[in-house]
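Next, two complexes with chain A in common: one pairs it with chain B, the other with chain C.
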Partner chain A sequence: MTDAALALAVLRATRAQKLEPQDLSAARSVAPRLGRRVVEVGDGVTLGWGDGDEPQPDGTYSVYSLSRVPLVTFACCLTLCWRDRHAHPYPGRTTTRKAVLSLARALDLDDKHFKGALLHDLPGAGLVEISGNTVRLGVAIAVWPNAQIEALRRLRDRLPAPTEDTR
Partner chain B sequence: MTITSLDPGQETDVRAALSALELARDPVPGETFKGLSDPSLRAEVASRLQASGRVLLTADGGYFSGYDDSIADRLVEKGAGVLEPTDRAVLTLVLLLTVAVPRAKGRISGSDWTDAQPTSTDELALNRHLSKRAIRSSVRRLRAAGILPPGHGAPIAPGPQFLRLTQRRGARLWEELVLLCKPDGTMADVIRRRRRRAAQVGGER
Partner chain C sequence: MVAPIARDSGVLIDDEGLIEVARQVCDAFADPDAIGGLTRAEIQARVDGAADPMTFDARFNVFVRLELLRPTLGKKHQQRYTLNPAGMVGLLVFERISERGGIDELLTLLDRTKAALAAGAADPVVVSEALASMRGLLSVYADELARLTRTAPLGELIAERRYHDHGGLFGEVKSLNDLVSERMPQLDSDAYRLVVEAQRYIDAVQTMVERVLDEGGEARDFSVLDPEDYRAAALTAHPDDLAEVFSTIVFDPPAPWVDAAAILDALDAQRPKKRVRERPPEPPGEPPGDPIAELERRAAAERRQRALAAEQHLQGEAARELTATIRGLQWPAAARLLADLLALDTDADQPYAAKIGEAVFIDPEGPITYSSPLTLTADRPELSRDEVSRPEEAKRD
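This part shows the complex of A and B:
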């Protein structure tokens, strides 16, 4: 099994990793044939999709999706972490669990379900990272295609507005 | 035999199949992707998956991708993608209660891990070593990973990720449950002897 195979498998299994230079080079050389690309995030890399190779789920196969509470919880995180809408949302700013909770309460989200979404559902999907009290956007956002980010920019008015104590 | 060069249309078909196989929650119907329904394109898909440490699997009437066994072994050695201990414990309980016990009692007969009798948080919590809170958190994380069926009201049973196990990996998992449940039994003895022989010839990890 080649170094590229193991390196790409590691990236898939861990979502983001720092690779040795030869493994990184091997992964970069093989990724395009899979419709993938290796993207730098922080001091490591993650796997994204090549331009034009992004999956286009059109109902022909099932995909994982967020239910309402995790989706709204994520929208709260996006509001708080993505302040400069002209820039890419990742990495954005960090925020706190308290700030996200405050915004979620303003939207009438049930505390118990919101906490489960913030602490388990969203990190599981790579959409947020939690470290102690700090919340930041996850590496899955780093590889969002430009078209998706543009769509979000157009829908910015639908994102929750920060409350007074979360500005 | 894989195709040595693809025309643009074939390349698109192969890449579309690859992204679906990797992203899908459930097995991908072969008829919906030319990259899977055409045997030569499917062979190309399998070859490219192999290049990334993955394999093409048939599952539940469709196709799925999974980790190559040798790559999976190395990922485990590296601790890459390995579950946290509490999640592992909860998952073990789920497998015991939903698959191992029903199979032993003849209530289910298939070898598909998703052919299972669901359990509940209350039943899992009968194990006094894990609090209900810890179990609920684990269940939530396992659902997010597709290891249990995703969704708030979904049954607590093996989820779609089990269809991404190779036959060897699935068999190994079953053996681990046998060793756990009846370590002094005949089957456990057979398993241990076979593994010792394989280790001696360097054939099994």
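This part shows the complex of A and C:
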């Protein structure tokens, strides 16, 4: 197996990894041919989709997506972690599980379903990272298409507003 | 009986494809139109495709020599043959052994021996010989399985394994042992030795299966188990055991697609817009008064209106025939007039009466199809026109 193939397989399997310089260089050169791009996250890199190569949910194939509760939970995390809407949401600020729960309750989200989404669905999808009581946005946000980020900027008023105890 | 598998008078075939010729020859005689026998040409026509002409001729001659096919008449150059039933049975036995191995024959002997013992019809010599046969067969199989487990490749072991899938064998041997101990105690030691060999055979099967599973698992050879075994494992095995299968397989982590539209749609679904119901505005109009008094006022006005109409019809007379008037009206004006007159008739406070005659006028073409004579009468003192139009003022005056 070539260095590039192994590096890309490692990035796909681990979601984010620190690579040796030669592996990183090989991955960067090969990724565009696969419709991918290598994005730096912290002291490592992750693999995103190339511009125009991301999945098209309205296309002729079905795409795995989240259900309502995980999406609403993620919207609460996005509200609390993405305070500066002019900047990229990743890495954003950290928040607490309690703050996210408070915002979720304000939206009438059931506690049991919310916890399942926050502790399992969203970390599994790489959308958030949980470390003890701390919640931050995950590496999947680092490779979010710019079009999606721009859409959320324009429609930020429709995201949940922070409550008094989460400001 | 061995004709189907004999290459010649004294040698067995070494090509299993030649068994198909024997099978098709036997099938040829199973047709209803084979009654009375078949000629060589007819037989060859029915096995067409199983062998080339030269092979068919060779097999046909073997079948005739070993009397699988017998001429119907003992004449030379006899052209019609019948099938020897023993040969057909031999083919069935050979096919069954090929399919299921020899353990089925042991089970058959075991069942037969048990049945005879249970019925009290068993001969001790026969039972002793049966126990010895079964013990010998199990011992041979145990040794053979041990040899295969040590030396045979995985594929051969997997093929051999399907011949030894008899989960209830030891139970059957045990129950036979109990029967022998009860009915023929003099053969108790022979039955016990059978149990020991059965246990040795089962241990040999277990060892073979362990090697199949170990090597097959490492080689990811899914032909190791039957499809039903995989299905049973999927339904009953512990999730950790099932996950272990993929412990060295690399997967992409979940990557659900999340976009702005999906997030906003989910938020809208979570916060449905609440529709507030507003009280409708009060209609403009008179301030509400006494509704009962209002009803009474309206009823009195209607009664007065009917009385005025009746007086108009009477023209000051005490009685007047109104049949022509009603028949001259259109429908529903005629019905309204009739209803008003009848209301006056039933009102005890009114001096009017409406009498309807028994005759019936039928006019299919007219607006009123059916009508009867009607006379309006008034039992009242004559009133002036002023009193009729303004009765309140007249009373004051």
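Methods note: the second predicted complex is superposed on the first by the 166 of 167 C-alpha atoms of A that agree within 3 Å, B and C clash if a C-alpha of one lies under 4 Å from a C-alpha of the other, contacts with A are read in each partner's own complex, and residues count from 1 in each chain.
Note that a contact is a pair of C-beta atoms (placed from the backbone, for glycine too) under 8 Å apart; a residue touches a chain by one contact, two chains touch by 3 or more.
All values derive from a computational prediction rather than experimental measurement.
> After the match on chain A, would you call chain B and chain C a fit or a clash?
clash
> With the two structures laid over each other on chain A, which partner does A:116 touch: chain B (first), chain C (second), both, or neither?
first
> Quick one: classify A:63 as touching chain B (first), chain C (second), both or neither.
Touch partners of A:63: chain B and chain C.
> With the two complexes superposed on chain A, say which partner A:9 touches: chain B (first), chain C (second), both, or neither.
After superposing on A, A:9 lies in contact with both chain B and chain C.
> Answer with first, second, both or neither: which of chain B and chain C does A:87 touch in the superposed model?
Once the two structures are laid over each other on A, A:87 reaches no partner at all.
> Looking at A:108, would you say it contacts chain B, chain C, both, or neither? Reply first, second, both or neither.
After superposition on chain A, A:108 lies in contact with chain C alone.
> A:72 in the overlay: touching chain B, chain C, both, or neither? Say first, second, both or neither.
A:72 sits against chain C, while chain B stays out of touch.
> Considering only the touch criterion stated at the top, classify A:55 as touching first (chain B), second (chain C), both, or neither.
Once the two structures are laid over each other on A, A:55 reaches both partners.
> Looking at A:159, would you say it contacts chain B, chain C, both, or neither? Reply first, second, both or neither.
It touches chain C, and chain B stays clear.
> Looking at A:35, would you say it contacts chain B, chain C, both, or neither? Reply first, second, both or neither.
Once the two structures are laid over each other on A, A:35 reaches chain B alone.
> Based on the A-chain superposition described above, do chain B and chain C contact any of the same residues on chain A, and if so which?
Overlap of chain B and chain C footprints on chain A: residues 9, 12-14, 54-55, 57, 63-64, 124-125.
> What residues on chain A touch chain B, complex-wise?
Contacts found on chain A: 1-2, 4-6, 8-10, 12-14, 17, 30-31, 33-36, 49, 53-57, 60-64, 67, 116, 119-121, 123-125.
> Under the touch definition given earlier, write down the residues of chain C that touch chain A in their complex.
250-264, 266-271
> Going by the contact rule at the top, pick out the chain B residues touching chain A in the complex.
15-16, 18-20, 22-26, 28-29, 32-33, 48-54, 67-68, 70-71, 74-75, 78, 80-81, 136-137, 140-141, 143-146, 150-152
> In the complex, go through chain A and note every residue touching chain C.
Going by the criterion above, the answer is residues 9, 12-15, 54-55, 57, 63-66, 68, 71-72, 74-75, 78, 107-109, 124-127, 140, 145, 148, 151-152, 155, 158-160.
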